[in-house]
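Letters A, B, C, D, E and F mark the chains in the order given here, with residues in each chain numbered from 1 onward.
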Amino acid sequence: MFYHDKKLQYEVRVEKPNPAFAKLLQQAIGGIEGEIRVCLQYLFQAWGARGPNKYRDMLLDTGTEEISHIEMLSTAVALNLEGATVELKDKIAGENAIVGSILGGMDPRHLLSSGLAAMAVDANGVPFNGSWVVGSGNIAADMYANVMAESTGRVLATRLWQLTDDPGMKDMLAFLIARDSMHQNQWLAVLEDLGGFNANLPIPNTFPENEQVNEFAYTFVSTNIEKPEPPQARWASGPSMMAKVNLNMPMLSH
Amino acid sequence: MFYHDKKLQYEVRVEKPNPAFAKLLQQAIGGIEGEIRVCLQYLFQAWGARGPNKYRDMLLDTGTEEISHIEMLSTAVALNLEGATVELKDKIAGENAIVGSILGGMDPRHLLSSGLAAMAVDANGVPFNGSWVVGSGNIAADMYANVMAESTGRVLATRLWQLTDDPGMKDMLAFLIARDSMHQNQWLAVLEDLGGFNANLPIPNTFPENEQVNEFAYTFVSTNIEKPEPPQARWASGPSMMAKVNLNMPMLSH
Amino acid sequence: MFYHDKKLQYEVRVEKPNPAFAKLLQQAIGGIEGEIRVCLQYLFQAWGARGPNKYRDMLLDTGTEEISHIEMLSTAVALNLEGATVELKDKIAGENAIVGSILGGMDPRHLLSSGLAAMAVDANGVPFNGSWVVGSGNIAADMYANVMAESTGRVLATRLWQLTDDPGMKDMLAFLIARDSMHQNQWLAVLEDLGGFNANLPIPNTFPENEQVNEFAYTFVSTNIEKPEPPQARWASGPSMMAKVNLNMPMLSH
Amino acid sequence: MFYHDKKLQYEVRVEKPNPAFAKLLQQAIGGIEGEIRVCLQYLFQAWGARGPNKYRDMLLDTGTEEISHIEMLSTAVALNLEGATVELKDKIAGENAIVGSILGGMDPRHLLSSGLAAMAVDANGVPFNGSWVVGSGNIAADMYANVMAESTGRVLATRLWQLTDDPGMKDMLAFLIARDSMHQNQWLAVLEDLGGFNANLPIPNTFPENEQVNEFAYTFVSTNIEKPEPPQARWASGPSMMAKVNLNMPMLSH
Amino acid sequence: MFYHDKKLQYEVRVEKPNPAFAKLLQQAIGGIEGEIRVCLQYLFQAWGARGPNKYRDMLLDTGTEEISHIEMLSTAVALNLEGATVELKDKIAGENAIVGSILGGMDPRHLLSSGLAAMAVDANGVPFNGSWVVGSGNIAADMYANVMAESTGRVLATRLWQLTDDPGMKDMLAFLIARDSMHQNQWLAVLEDLGGFNANLPIPNTFPENEQVNEFAYTFVSTNIEKPEPPQARWASGPSMMAKVNLNMPMLSH
Amino acid sequence: MFYHDKKLQYEVRVEKPNPAFAKLLQQAIGGIEGEIRVCLQYLFQAWGARGPNKYRDMLLDTGTEEISHIEMLSTAVALNLEGATVELKDKIAGENAIVGSILGGMDPRHLLSSGLAAMAVDANGVPFNGSWVVGSGNIAADMYANVMAESTGRVLATRLWQLTDDPGMKDMLAFLIARDSMHQNQWLAVLEDLGGFNANLPIPNTFPENEQVNEFAYTFVSTNIEKPEPPQARWASGPSMMAKVNLNMPMLSH
């Protein structure tokens, strides 16, 4: 069961409201790299977990924390939109170019649909989509899905941090960046806890190795019709990441 | 900020797992009448609220409660899918008609994608869509949106209740039906608290009445080319719901 | 069966075309608060109606009227885009900032995809989505869905009215605002006609009251872990909106 | 402006209700080949038309007719669902296989969401999507879009016709098939009216021919690395469909 | 099976990077008129083809070519975004109007999500949608779908050509315009190869003509309640496009 | 540039066509774990790559290979649908339960829309969505996205393998399972090639560590209000995965 209090997890303040930055923040709320996605992803993984309780518990802990991040970002959107109406009403009736420069930089639906509040959409107004909530029932696959979500999430947060000079926004984003670091830590730690990276590979590691068509399982396939030399690369020769088997030479299929 | 414990808000048990019922329950999780929608809708309305704190607080209280409902329903889906794999593996290789009767009744992605767990989709596998999260910044409009959400949600829950004989499922649904009753109560109570139904109408009630084209504001328009008699109906004559003005006779535009 | 003539329901004129305003108008055509949604919602409710003919007839009347509103708004979009090409071709090749200020304010697909005409999308170019067409088969639930649609629609129309100084656009929107008032009237009148608000509650009112878990049906649940005093609010004590039962004190679940 | 009466354009009757056929009919309502799409496509093309009035008028005529087709099909869905509830309630609590065979054949949302009425979705419950409404501002391109819509629509209708033995349904579909024939006629007649097929090609025919990279404009490109003989085919040699220019030999790019 | 080399099909160069033009180019990649759509449409039609191999082979040839067009356009997007970061970081912290004029003209997700690379979305950031991939199993219907796709695609390409002054972009688009001409040629040639336009009509031409309700198959239906004179138009009288039958006078249904 | 020949990458044969299995295979074509997603993801990452050519080249190699996998799976769908029409036409007119058992097991759009061919949709008919194509411009983040895609893809393929007894289908899937193993290898090898897992962490590793709020960067946050003991888990204490810093004790925020 879930509870709340009236605090935010970390302070959110905006010194100079900026409707264009409110639009950018929407990507971190309702975008595929955003907080609604990780929140629901961790919670659904927890609710469907059939393995050891320790993973389920951690997923619940962090899934719940992500709701607090949606809350922080939604608060930040509302603060960045503060006063937007007045400013816009003055300018909208003017010359087209000005209208464009104002409205083009903000999400028009912040004005028209939400009344200057955050929405469950990305920076282009594309709605959050439940298909992004990945939980496969295979814990190693899910941990990689989670590392991926936190990685693209932290990439997004650092880009937002670079795009603002507002000290309040920089501080909030620096906090979220820190949490994304820790969450990357967590999901990778689960992989280690499951026996280390190698032990989990290939995913799913329960599929009997002799059932796959093994001559294709450790072979780099080039589809380049110029038939280049086999690459002297880590992924084309030497030990496989997942077994003692060596990788084969590239196979050219034509 | 948000918290959890390991309890469910209300007991969830399934006596006889039924994968076809798991599919139906998805409508109450990721469908437009479902719990993800009301959860996010109330929370986003709270985070964007600029009015009196009492409404914001209540929205947070109930939005948070709805996460617990998603949790209950997701647990119910997982319990209804318990053991489905074994049963399916036995039958799937058989004759087509049988495959159809088994797989047709369940969501194939419960088997293929989620590993027998709930997903953020509706009963047809259509993903939850963030556009369903309505918050307009106008509190009366939002309360009607919330009454609508709880009404269609309770209609859905009663239909699910009728479609199962499992005592555990009936009990869980009877609880959710009760909460939907209370939530209808709450949103209507806010409308009363705002001055009563009439005082809020038309929504938004801040738009100056003399600015609308009033000759069309209290007139029922029939588009029936058979030009029927003006209906002797509550919506075509007598006092308007929103003002002392009387409704006009139907206007036929051709 | 449906018919048309070549008139518009109300005059649509634009004194000074404004491509940025054309983009905003799209929200009222293909957005969740827009006219395609109410048009299809009322028509589908009519076509599925199994109750008294009088409601079906009214739904057909008003659903048909809404097609005329899509027509007016689509005409308004086309008029606001008049001449956009020439202006844009002159400027697009120029400096980036100018390109941004022009194109940023308009929907680029008005230029690229539709040839300066309206599309079935919202103000961000997100396509109309059939999931927004709500018809539950429960007439009270559907009336609340309709009130909600007209309320958010009128909120949108008033915001559009505030954002333009074009006399033609202000006049057209003032007409649509008036019709949204009347339509709010109509749906509320149906609720009254069905026996008054109380008689319909909770929705669906056919579910046997003793089957719901009644101890939770009239109880406000706070999820605030700070365990505040029970709110002295209309939604936490006093008579329920839907029965003679009194609301209970808040229940804190932890 | 739009009007209606209470008749259907053609009789709709169902002798033996079949919920599984109701699901199939949804494709003709809310699918990409369905009637909502052609209805909105023709109307939006009309509302955006800047050319001769005769085309606009015809688009309005036929767009309006398509609303009547949505109405017929929605009525057919409701009739096919008649009585479904009772039958389902009896069987749903039974053994899984039976549940599957019943529910698998029908759209569960016809039961859960719409109360036995049509919805704005396709045969898999995927919502109608506004992106399917094509209007490019180029009348020849739009006529091909319309021929394509009527062609895939008529293919769908004939498949539905083959899948039912209900005389009422067969009759309704035979009517819709006839209308799809006529509408194919109409859009092709516009192309002829514009000067004949050749005169419109390539689309858009206003782009100055010498501006395209002409060495690639009449040349069939094979991407087959086996370098087959140039095909002796209509599309690889002989006169171009759109000009006096002859088609070139295939060009192999590697 | 598929192969590649490291060349582009045609040179792509950008003299002056323009992030706003990168946004417009996205329509030609991930929009409904774009290259992902035609690529997948032709390939899926080929993979599902049950008719003569010559059509399947051609579909594979051209479907494969379209991958090369996605590649060219994605390269063009990346080149137009070159250097955008630096420029943006300098300006973003400035005054809102400037932020709007910069960010409004570009897709913010090019900055936030993709790191200055193309994405599988349209010019408004709306994701590519698999429903646009049309393959009906009826080859004549599919050819019209393909003509339509190439026609709207060429209309789009010519508009992009008009909106840029960059010589590299103009040259690349002139090449794509030429290929769209040829592809229109190809699909129309298939229709001719199948026996000529008339022989394929109505589509599907395998449905027995006497089974459709023929009195409605050659009759123009006006839905105009003003009952205008029957139009003296190609689509209302004279020989049908698809048979020796003459078109009837317009039927007015009320 | 891209090329093809007429071979498949690996043999595809179906001994006993099974329309229900055709529906399941759609998940591997158009689902979020499917081949269209990985194909476009690797190609878009390649086209946007600004780093060393060796990664770009490999992405092109494997992205191109994935087109061949879509081709194999689409061929498998068509083969599994072979003959479905005849069988269905015989049975569809029969009793509802039988209709349900046949049609419920297959995708009705395989019959209605595609004419027994594969479509760009998942196992529930939900269209492929371009938002799933992830390319962030950060190569480490993208490699985790790719490992995740191949992991969930291989989980899916093994489940499909378990659900069929057809020797041809088992063989094809065993091949695809092998390729998914190799591709997991490749993306992990890139991470190693970039300096090893630790060197890339946290992602993005270019963000200056001292700018994040470091007190939160190595601290496990429990949101459990029952305030459990700090977990003795790999993710709550001991060395961080990404630095020499030790993880902190859990922080409870209330």
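We take it that a residue touches a chain if its C-beta (ideal position, glycine included) is under 8 Å from a C-beta of that chain, and two chains touch if they have at least 3 such contacts.
A quick note: this is a predicted structure, and the numbers were derived from the prediction, not measured.
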Inset, instruction - Among all other chains, pick the one whose mean CA position is farthest from the mean CA position of subunit D. - result: A
Inset, instruction - Decide which interface, D-E or A-C, involves more C-beta pairs in contact, and give its chain pair. - result: D-E
Legend entry - Between subunit F and subunit C, distance of the C-alpha-averaged centres to the nearest whole Å: 38
Legend entry - Gap in Å, rounded to a whole number, between the CA centres of subunit E and subunit A: 32
Legend entry - Chain centre separation (subunit A, subunit B; CA means) in Å: 28
Legend entry - Geometric centre distance via CA averages, subunit C-subunit B, whole Å: 16
Inset, instruction - Give me the residues of subunit C that touch two or more other chains. - result: 1-7, 9, 32-33, 57, 60-61, 64-65, 68, 98, 100-105, 113, 115, 121, 124-127, 129, 131, 136-138, 152, 155, 223-225, 253-254
Inset, instruction - Give every residue of subunit F touching subunit E within the complex, in rising order. - result: 1-9, 30, 36, 40, 43-45, 47-50, 57, 60-61, 64-65, 67-68, 70-71, 74-75, 78, 113-121, 127-131, 133, 135-138
Legend entry - Parts of subunit C lying in touch with subunit E, wherever the complex brings them together: 1-6, 88-89, 92-93, 96-105, 107-109, 111-113, 115, 121, 124-127
Legend entry - subunit B residues within the subunit C interface of the complex: 3, 5, 7, 9-10, 32-33, 54, 57-58, 60-62, 64-65, 68, 126, 129, 131-132, 134, 136-138, 140-141, 144-145, 147-148, 150-152, 154-155, 158, 161, 171, 174-175, 177-182, 184-186, 188-190, 192-193, 197, 201-204, 206-207, 211-225, 231, 233-235, 240-242, 247, 253-254
Legend entry - Touching residues on subunit A, where the partner in the complex is subunit E: 18-21, 23-24, 27, 31-33, 98, 100-106, 122-126, 152, 155-156, 159-160, 162-165, 223-226, 253-254
